[in-house]
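As structure tokens, here come the structures.
You will see subunit A twice below: alongside subunit B first, and alongside subunit C after that.
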Partner chain A sequence: MLKYHMKGYSGYGVAYSPFYDNKLAVASGSNFGLVGNGKLIILDIMPNGQLVESNSFLTQDGLFDLAWNESHENQCLVAQGDGSLRLFDIKLKDYPIAIYKEHQREVFSCNWNMIQKQMFVSSSWDGKVKLWSLMRPQSLMTMSPNDTNAASTLSRTSAVAPVRVPMSNQKEHQHADGNKECIYQATFSPHDPNLVLCSSGNSFISLYDLRVPNNGLPQHQFLGHGGFEALTCDFNKYRPHIIATGGVDKMIKVWDLRMCRKMLSQGHQPININEIQGHELAVRKVTWSPHHSNMLLSTSYDMTCRVWTDLSDDGHGLTGKTNSIDPAHGCRFIFMEHSEFVFGADWSLWGTPGFVASTGWDGQVCIWNGIR
Partner chain B sequence: MSVCQTNPLNTLVSKSGYRFGQPNQHQQSIAQQQSRPRNNALDHQFSQFTGASGPSFAHPQHQQLPMAAVVANATTAASTTSNTATASDHHVWIDQFANMQVHDKTEFPTDYKQMYSQYEARGASYSMGAPVMVSHSQMFPRHQQSLMVNQLESQAYASSSAKLDEQFAELERQVQDDEKEQQQDKDDDFHLKETSPLDEDQRQLKEAAQSIYTTLSDKSSTTSSKFSNSKFLGLMRNISDGVITLKKNPDEDKYTELYSPSTGETFGEEYFPVQDSVLGDPLDSIGDLSNMSSSEAAAKVYHNSV
Partner chain C sequence: MASRLQQLEKHLTGRSSEKDIKSKNPDDVVVVAAYRSAIGKGFKGGFKDVNTDYLLTQFLKEFFEKVDIDKSVIEEIACGNVLNPGAGATEHRAAMLAAGLPYQTPLVAINRQCSSGLTAVNDVANKIISGQINVGLAIGVESMSKNYGPKALGSISNELKSNTAAAKCMIPMGFTNENVAKKFQISREDQDKFALESFYKAERAVSQGLFKDEIIPIELPDGSIIAQDEGPRKGVTFESLQKIKPAFVKETGVTTAGNASQISDGVAGVLLMRRSMAMKLGLEIVGKYVAFQAVGVPPEIMGVGPAYAIPRVLKDCGLNVNDVDVYEINEAFAGQAIFCVNHLKIDKKKLNPRGGAIALGHPLGCTGARQVATILRELDAGQIGVVSMCIGTGMGAAAVFVKE
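What follows is the complex of A and B.
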């Protein structure tokens, strides 16, 4: 296992470069991201196994996520607490090469399109998901997943009060309405450049087809975690219809989007094809393996990272099983080295399948093998 | 005549003290409302039957009475539904009824029932071996969900109403303390201008920190030892105790650091102001290269860069 400690900074996101097998970028914030600067740190994995900081960029506010440019080996995008997205060139110093600022509040996630490589998407506490082109300072499209009838009905009538996560308690964060509005993550499908999936604080999972004009409303939407905040979502890299979501109910749920067709109609709830139980606190991030169709990684507030096998698929087809039939709930590996909440994790595309980089509020960046 | 001594109905009557045929007040009132004319006659007949005093069991309504419900497996179903019952038939019927045993053929075997009750006893949190697809969140009592930062309680299922009461009492104490503090602050303001009370944002951070600390610190799970060493939790405790709070940067009018109001010391990371600027395009400095030959343009770019 390799370790690097970012002194004074807490890690929020980590990502392997899609171009270099030895480069990692880490998004971080000082004082656990509560107040103060943020920092983008570029780490190089040296041949002797050391992690070395090759460049870093100090920012005005905490950084909550990052994404490498899929079409340029030196560019890295960060999501910042002041509502801006910033593009850095890791060969340059000090300042970003572009700023994209439209969000009203903290930007919590950003994701680069792997097929139409000039596009990226961001999601924010202001309840918006924005689609951007690299060359334009203004966004191409703004989506409002929380403005649907279903979502507003839920917030009006439901006794389910989404509960609060200690995400980052900057000054305007402490409103009584909690994080209902917050879109914690938005991500493109790796199979179709026009599909965007997002998970929000009102527990809804929303799916957009960018080709369909719909006033910023999603094509499909369903309640993912029974009223608890849905903190994360990810597309399976091999099965185009399969997604995983994680939430404050400590569950990871696997859904088949083909079973989620009539989602906007009231009262129709799709059923998840699998659910994975085991984390002791809220699940912060889930990521499917780039090398396996039935393996995923999760991070949690319980200070662990876990690698799971999705037992509903054996690599060839559906098995009809769920992870609850397994005594270990399909858990393959528990990584316990972190000493605070674990936020970011990414599978390595490089080398032997199974390497994972993780980071958390303890400021550690760890690289380990999750499927030995 | 003691034919019916083993009749379960009799046993029920003798044990419950309820006299069939002597309706209680409720029944009487219903009876009066419905004003059935035959009521008294019926009662009389039925009391005779239950008292086993004689074979006066001739009213067809009586035959429908207990039978329809219980008879399912009784072997005498045919005879009991007969409307042409005679006095001697009654004895036969009563005997059969006394010997009747209710037996459900579709019932599960005893060992299965035992296993199932064992399974039930394990409780909902132990769902191994059964593919439970019900979200656990749906099992939570609703009122728990309204608690702030509830997701951080790993023992959410276990938290009882006693704990809720405790938390409520705690909250009340905090409110009272806050009120006292505010009162004190008001008093102090006359004497000490520098001990300014917390502003809205600082107060909210303090409240959030309090709820985070209380929910995370009283956990009784395997991660509790981890949390006891957590620096974040330590910070939350300090903030909730009022030792540390947000510090505003007067230049940027936003909170940038944590500090201790009593000593004025900065806590945690120092804030460095960062200019909000973008690196220019390096090609901008080259200028206009139109109307130049390639060698002239190359010479100009070369001289500019040297």
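What follows is the complex of A and C.
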């Protein structure tokens, strides 16, 4: 295992470069990302196994996510707490080469389109998901997955489910409503450049097809985590219709979008095809393996990262099983070296399949093998 | 800063969702089919000349005519039975093979007295929950005509007879009901009224054809077909029930042939699987199995079983008595049934809406599975049902289902 300690900064996002097998970028914030500066740190893995900081960029507010430019090996985009997205060139010093500022509150995620490589998407606490082009300072499109008013007027004519949040009426549950506007993550499908998936504090998972204009409302939307905040989502890299989501209910859920579409069109709440229980606190990030169709990685507030096998699929088709039938719930590996909440994690595309980089509030960036 | 900190706090304090029993999850155990035969009158009804293996074979053949499924996906058959030697382990294995099920599918014989059919459902459900199997068939089958008699009660060694606790297990069922009636002051009149209600409800259900969907017709060796319950009869009145002499305690007894369950023959089956499996196979889901519990009660008043088993299983589900929409509580005797209903304060409208064992009959090992087939047709989508019964030697069992 390799380790690097970012002194005074807590990690929120980490990503391997798609161009260099020895480069990582880390998005971090001082004071646990609650207040103060942020820092984008570029780490190089040296031949002797050391992690070395090759460059860093100080920002005025905490950084919560990052994405490498898929069409330029030196460019890295960050999501900043002041509502801006900033593009840095890692060969330069100090200042960003572009700023994209439209969001009204913290930007919590950004994701680069792997097929249409000039596009990226961002999601924010202001309830918006924005589509951007590298060449334009203004966003191309703004999406509002949680727009209750627009959804209720549209729902009569469109397939969009009105946003209903089945929150409890009990007193002690009332405070659970505060973050419901927040869009924690938005991500492109690696199979279709027009599909954007996002997960929201109101527990809904929304799917956009950018070719279908719908007043900023999603084509499909369903309750993902039973009223608990949905903090993360990801497309399977091999099965185009399969997604995973994670949330405050401590669960990772696997969904088949074909079934979701069908059930929504019949007026039913979709049923996930698998659920993975094991984390002791909220699940902060899920990422499918780039090398296996039925393996995924998760991070959690319980200070662990876990590698799971999705037992609902054996690589050939559905098995009719769920992870609850396995004594270990399908868990392949638990990484326990972090001493604080773990936020970011990324699979390495390089070398032997199974290497993972992770980071969290303890300021550590760890590289470890999740498949042994 | 404050809002970011509060956001994190909410991520950490968000309670783990208490499992909403109506939620649909991929690892739920669901019922995809539940059928039964008509219930034959013991010793003189349509099934009096055939044994359980024959009933089971005929039933399974017809069952798989109705249910479109590759039989080889069934990984377990749990067969509840009370009276056959060894709970019918041998002849029911033979029966399933005769019905065309592959030899690769194993069978387990289950006997927990009157709850055997429901215990079989629980056995299969637990194996699905644990991941041991994906699909299983729970059966209950009984021929009281062929196997009920003096030997039915079993025996205990002389050494145990001096032990008062052990000896209580040998009290015939009728006497346990006399004990319940005496201890909780349940009059003959109340019991006959209760029995009359059961006859009325069953008669109404029969005349409205409410059992048609759940009954699989059974063809007898002579070619005749039995497709209707033989227990319910027309023209039962309070007066006619009052005339019947006590069956167990002469003169002062309150338990009669009119207010006790009938001796019967029958078979019922419930096909269970994991929801993800049902979705994969494209099968329609009838209901969701939620929970089961069995409890022990004093053997001399074994009829109180449901009064303790029901709260126990409802507690597991976080439900109150009033949250349940329909109760199928086996009417072994009117006395014990009245006690359970009063003790739990169950709304009478929710109790056995299609009649109970007093009118329909009580083929011991079959009953639990029969009740499941009935309740899943009484419930509307999203409603909660409870199946329960008392168990000889002092036990009670109860299970919770949700209709899809």
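In the analysis below, the second predicted complex is superposed on the first by the 336 of 372 C-alpha atoms of A that agree within 3 Å, B and C clash if a C-alpha of one lies under 4 Å from a C-alpha of the other, contacts with A are read in each partner's own complex, and residues count from 1 in each chain.
Methods note: a contact is a pair of C-beta atoms (placed from the backbone, for glycine too) under 8 Å apart; a residue touches a chain by one contact, two chains touch by 3 or more.
Since the structure is predicted, the reported quantities are computational estimates derived from the model, not experimental observations.
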Room on subunit A for both subunit B and subunit C (clash or fit): clash
Partner chain in contact with A:312 - subunit B first, subunit C second, else both or neither: second
First, second, both or neither for A:182, with subunit B first and subunit C second: second
Residues of subunit A touched, compared between subunit B and subunit C (which is higher): B
Partner chain in contact with A:200 - subunit B first, subunit C second, else both or neither: neither
Partner chain in contact with A:340 - subunit B first, subunit C second, else both or neither: first
First, second, both or neither for A:106, with subunit B first and subunit C second: second
Partner chain(s) touched by A:299 [first = subunit B, second = subunit C, both, neither]: neither
Which of subunit B and subunit C A:271 touches, first, second, both or neither: both
Which of subunit B and subunit C A:228 touches, first, second, both or neither: both
Partner chain in contact with A:95 - subunit B first, subunit C second, else both or neither: first
Touching both subunit B and subunit C, residues of subunit A: 34-35, 178, 225-229, 248-250, 271-272, 275, 281-282, 301, 321-322, 324-325
For the subunit C and subunit A complex, residues of the former touching the latter: 1, 4-7, 10-12, 14-17, 20, 23-27, 129-131, 134, 273-277, 279-281
Interface residues, subunit B side, partner subunit A - complex: 127-133, 135-138, 142, 145-152, 154, 201, 204-205, 207-209, 211-212, 221-223, 226, 229-232, 235-236, 246, 254-258, 268-279
Subunit A residues touching subunit C - in the complex, by the definition given at the top: 33-35, 81, 106, 173, 175-176, 178-179, 182, 225-229, 231, 248-250, 259, 269, 271-275, 281-282, 284, 301, 312, 318-322, 324-326
Residues of subunit A that touch subunit B when the two form their complex: 8-9, 30-32, 34-37, 58-60, 89, 92, 94-99, 159-161, 163-166, 169-172, 174, 178, 225-229, 248-251, 271-272, 275, 277, 280-282, 301-303, 321-322, 324-325, 327, 339-341, 361-362
